[in-house]
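In what follows, chain A forms one complex with chain B and a second complex with chain C.
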Partner chain A sequence: MEGVAVTGMGIISAIGRDVEEAHFSLKIGKDGISYPDILSTIHQNLPVGEIKLSNSELSEILNLPEDHAYTRAALLGVYAIRELLENSGMERFPGDTGFISGTSVGGIDKTEEHFYNYKENVADRKYIQAQHPGFTTEKIAEYFGINGMVTTISTACSSSANAIMMGAQMIESGKLKRVIVGGSDCLTKFTLNGFNSLKILSENKSRPFDNEREGLNLGEAAGYLLLEAEDQMAGENILGRVVGYGNANDAFHQTASSENGEGAFNAISRALKKAGLSASEVDYINTHGTGTRNNDLSESVALKRVFGDHIPEFSSTKGYTGHTLGAAGAIEAIFSLLSIQNGKIFPNLNFSNKMAETNLAPVTEIKSKHIETVLSNSLGFGGNCTSLIFQ
Partner chain B sequence: MSKVYINGVSSVSPQSEEIFENQSSKSYYQHILPALDQDYKSMIKPMMLRRMSKAVKMGLFCSKKALLEAEIEKPDAILVGTGQGCMQDTEKFMNNMLESKEGLLSPTSFIQSTHNTVGGQIALDLKCKGHNMTFTQNSVSFESALIDAMLQFQNDDINNILVGGVDETSYEFTGFQKLDGQIKTEPVNNLELLDSKTSGTIISESAAFFTLGTEKTTKSYAELKDIEIFNSIALENLEEEIEDFLNKNNTSVLDIDAVLLGKNGDVRFDHYYKELQEGIFSDKCQVGFKHLVGENNAVTSYAFWLASKILKEKKIPEIFKLNALHCKEPGKILIYNQYLGKNHGLILLHSL
Partner chain C sequence: MSIELSIINSVTIRDSKVYKNGQLIFKSEPDLVISKFLKGIYRDQNLKYPKFFKMDSLSKFGYLGVEILTNANIQDKETALIFANSASSLETDEAYARTMAEFPSPSLFVYTLPNIMLGEISIRHQLRSENIFLVSEAFDPALFIDYSRGLFQQEKADKVLCGWVNLHNNEYDVFLWEIARSGGIDFNEEELKKLYLPTHE
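Right after this comes the complex of A and B.
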């Protein structure tokens, strides 16, 4: 079996426009939560993890022609992969590079913007296909001239974690030597109003794992990793390795997680099994930890089931970025790799009291520690649960 | 890795599944073809049925039938390809949100709008806690799910996988496809679609699901050999890419008995198929299906259903044939499809 090496990464989120900026924010505990400026919405009271660059600013940075049809998720995706390409040390991606991207809503920002205009305005019609997630992936592929295997996974909030998992399997099976994996999701009125209708958005900064948590903040981000077969690398440096992964379905409810955390329990167990690791070998867990009553409790129960009384140190980084939906798994994979590289656990922001039901406390101050193995969880609608293990 | 067999199949489309036996096709004079109504109640509880969009209904119905045929109660993984996902619920929520100017909204349609609703609902119904994935890459969504199936079968714990493709239509969103040239503007009869000299095609809804297994059974249809997808292929490289794909599978153009081609009557892009029909596959039996079931992002799952039937029954019904060549005993079939010149997919199947 081939080793799966991470040889490049790129990220843009509310806490920074590259890996270094994100790392800096994580270290000093600086969140990127604000009120919406770029997203046009009446919900000005809902905090979001917004990237303060407009689409036209992004387009200019990326040197796109004025009449381009890139969705915001595509712009963010290209932005992040430009950084990935740069730090992989390659000039351009070789022709046999694959691309697997995760997104929850793809280009629905364009649909909500132009829904009433398509009938009259011919120029807007270039966005009609943009609604479907594959379009955003194709635009990113087009920018980098990736012509081979290109696909999109859309499993709500675990989308990009699943893209990383599939990429690792493509490499292990020898089907690809090199693959860009990750995901991109932007803030949209559709998702903001959707989560608001579910009454799981907090009007304050989210407080993952806190007893008084009152919901999540939505965010936007793009994060991508370059995975390569270790014996055939084109990238210069190994930033880490994907050693384990597992996906499981909660099979409980379309949106709510089960009380016993069955899906998360199975996903974590499968990832450990795949990695050939025992639970005690995990040094740190980057949790899904959205800050909703339901998720954090279910995930905590799952952790207790897997790790018993010896739960490794854990934190949710959603307090920094907001919940970036389909991109969350990928940006948290990058945070996990930063934890390993720098020997740091980044704190869980806004936490004060342990949950009555589980009595678990996340790490709340930055902590130095030798970290070899990180578990990262991503749990989504449709009962979709994914765990990844990085070393 | 052990071989992968197709052990159960089921499809819902604008044509009856009996078309394979009786060759009686439905003819439509419309641009958007609905999938034929099914006896959904026979498989899904009426209370559940009321809440389900067409995609979920079609997907769950086909899933249960494909599992039943293979006599598998619970698969080890569920993989779904859907290019456009749950558009009906997405449209409902979008309409409500925009009309109310972000007013008070019911979450029901939002909950059911995510692309993995079909996969999630199947898992919920079957109480299946295994690997569950949804692929949404335009016309290679189903092919992507097949690629994942092959990856999952490398795990010794995985013996049976439910895999399928499904796409529904919705009033506004599908209607938009008339505005950007995806749908023909002039009236067209589906049975004459492939002779059309104009741009655009006809759009449909369909679903087809399969039970894939590592064990050959008395009911097995065929063996799934391999799948490959390409974001883009220059026309002049198409034959070479196909030959490479066949070579990788220790086979060659010579060995192929029939090709299933995704011709859809769009004069702008059908030359990809024409190139093959007049080139490397000129002396092969050529088969089409979009003149019967229309075009959609998951329609290659219908082609996969058709190929499975052809390989099991060892015959190609005339109604699907694009040329007059007779194929005595189809043994190796290649499915090739693209949409709007992008997202090309290749699927190779062998008879047993």
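Right after this comes the complex of A and C.
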């Protein structure tokens, strides 16, 4: 079989602290949406997909010294990669392991916590450098002693999907034998206020693809996959394969998608071409489906353009986790692999009415089905659209 | 098997000066505020693109760099964009964060991602090609080389525009170059470093 092997994965999100917990929540339709407890914000009315572990609890679980300088995104990233390492069956990552991590927020959480104290409080100054998005990646790499190629991708909500694409490309070109790919983003006041200022946050649980959808819920998560060249595997089991990927710019607006879904249409078409698959061979689509008026309509139009009258069964899993920004592509890659492994389509939560413009209905009840091929979309601000295909 | 590629054009914007292919093409008085320096380049190049005035400074640098690099004309719409920097969108992040105390500004928030620059360039030239934005501590030629080679190898593009566009604390460092299969200087680490650091040699 063609493609790049996935030999490990790890995830932490609002629906669970490992792959098994996430899978359980997906199966029983249990979302992780709540009001903010850990993020201190005046916007108590805005639902979020928050991980109910404070930074000090996370630090304790990870055995970090008290004076560490890990950002929340770094803590979540380390947490998820510990699971990945465990289920890959390896003791530690070999020296030639690469690391490509996507993030949109980086260490902004630490800056907003400590910015006004830097003058007086010398101890907090260790966080000044944490603002740099690469700092979060370097901290994670340092924890696991990874000193191969380490880099950070920042392309908004498609960051970690692009990390997967870049990793697969590096393996196929023979540049790397194995690489950890994915992303980590945490909730911050910065993003909550920003998305709120764009008026695209819902005061209720998000309702992807529903005619009355009123916006997204922000979430936080970290998700990582271990990709390996099949002839040089160190991991024990192949959990799935990345067989296709495509990226395209929508070239329309900084933060809105085009009416004809041009970017998504091109990304999906390129991913299919790369995989050597026809549209009819896709068994299930894990959509971007954020729950905003704009995204869900644009993405639906793109699906109609690619698949015509035969759109495969699809759902958005953002109703479970919230929109986890730079981490979304990676956690949804893991959900896609779970769909294949278990022969299940996880339902699109909170949907009741089809969109008037497109008349499309996602899968709303858990469904058993033999699934070989899954398409996963990640569409980001800046028009950055990425589609991945897993088998 | 690694393929041979060529750098066919380059632009550097540094210390109040703009160079194209090593030739000084614009110079402003030193210590001019950045917004005025950027407007000066825009006027000097005789550009007519009102969207320029809505962009943040990072996007303006990227936009101007590409206009100069390509003579404001990208014929091949499959031209891919590989950009990177060190400070991400920090300059605008800070400006937006200052508005959070009162009323968070949506027009600033949309620029708090470095890849918005790629969106602006793609909108300007109607490119629906592959693009990526990487963040690394310092200019890293190997990263650009590996990524571009991958694109050419997979025949995803015949032209690639690369850019290191960094801006922080009013200090900017802008270096863009265009890669094709042939017709210029060899595209390797050594040549790239030479182009990037001509003044320090």
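The rule is short, and it goes like this: the second predicted complex is superposed on the first by the 388 of 391 C-alpha atoms of A that agree within 3 Å, B and C clash if a C-alpha of one lies under 4 Å from a C-alpha of the other, contacts with A are read in each partner's own complex, and residues count from 1 in each chain.
What we mean here is this: contacts are C-beta pairs under 8 Å (C-beta built on N, C-alpha and C of every residue); 3 or more make two chains touch, one makes a residue touch a chain.
The shown structure was predicted, so the numbers you read here are calculated from the model rather than taken from an experiment.
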item	value
Fit or clash - chain C, chain B, common chain A	clash
Partner chain in contact with A:Ala141 - chain B first, chain C second, else both or neither	first
Partner chain in contact with A:Arg125 - chain B first, chain C second, else both or neither	first
Which superposed partner A:His43 touches (first chain B, second chain C, both, neither)	first
Partner chain(s) touched by A:Asn162 [first = chain B, second = chain C, both, neither]	both
Partner chain(s) touched by A:Gly380 [first = chain B, second = chain C, both, neither]	both
Per-residue contact with chain A, leading partner among chain C and chain B	B
Residue range of chain B overlapping chain C upon superposition on chain A, of 113-121, 185-193 or 239-247	113-121
On chain A, positions contacted by chain B and by chain C	104, 106, 108, 111-112, 115, 131-134, 138, 151-156, 162, 166, 169-170, 173, 175, 189-190, 193-199, 247-255, 262-263, 266, 380-384
Chain A partner contacts - residues on chain B that touch it in the complex	78, 83-85, 90, 93-94, 97-98, 101-102, 104-107, 110-117, 119-121, 123-124, 126-138, 140-141, 144, 147-148, 150-151, 154, 172-173, 176-177, 179-180, 182, 228-233, 297, 342-343
Chain C to chain A touching residues, read off their complex	81, 86-88, 90, 93, 96-97, 100, 103-106, 109-120, 122-123, 125-137, 140, 143, 146-147, 149-150, 153-154, 156
Complex contacts: residues of chain A adjacent to chain B	41-43, 99, 104, 106, 108, 111-112, 115-116, 118-119, 125-126, 128-129, 131-135, 137-138, 141, 146-156, 162, 166, 169-170, 173, 175, 189-190, 193-199, 247-255, 262-263, 266, 380-384
Residues on chain A engaged by chain C in the complex (per definition of touch)	104, 106, 108, 111-112, 115, 131-134, 138, 151-156, 162, 166, 169-170, 172-173, 175, 189-190, 193-199, 246-255, 262-263, 266, 270, 274, 380-384
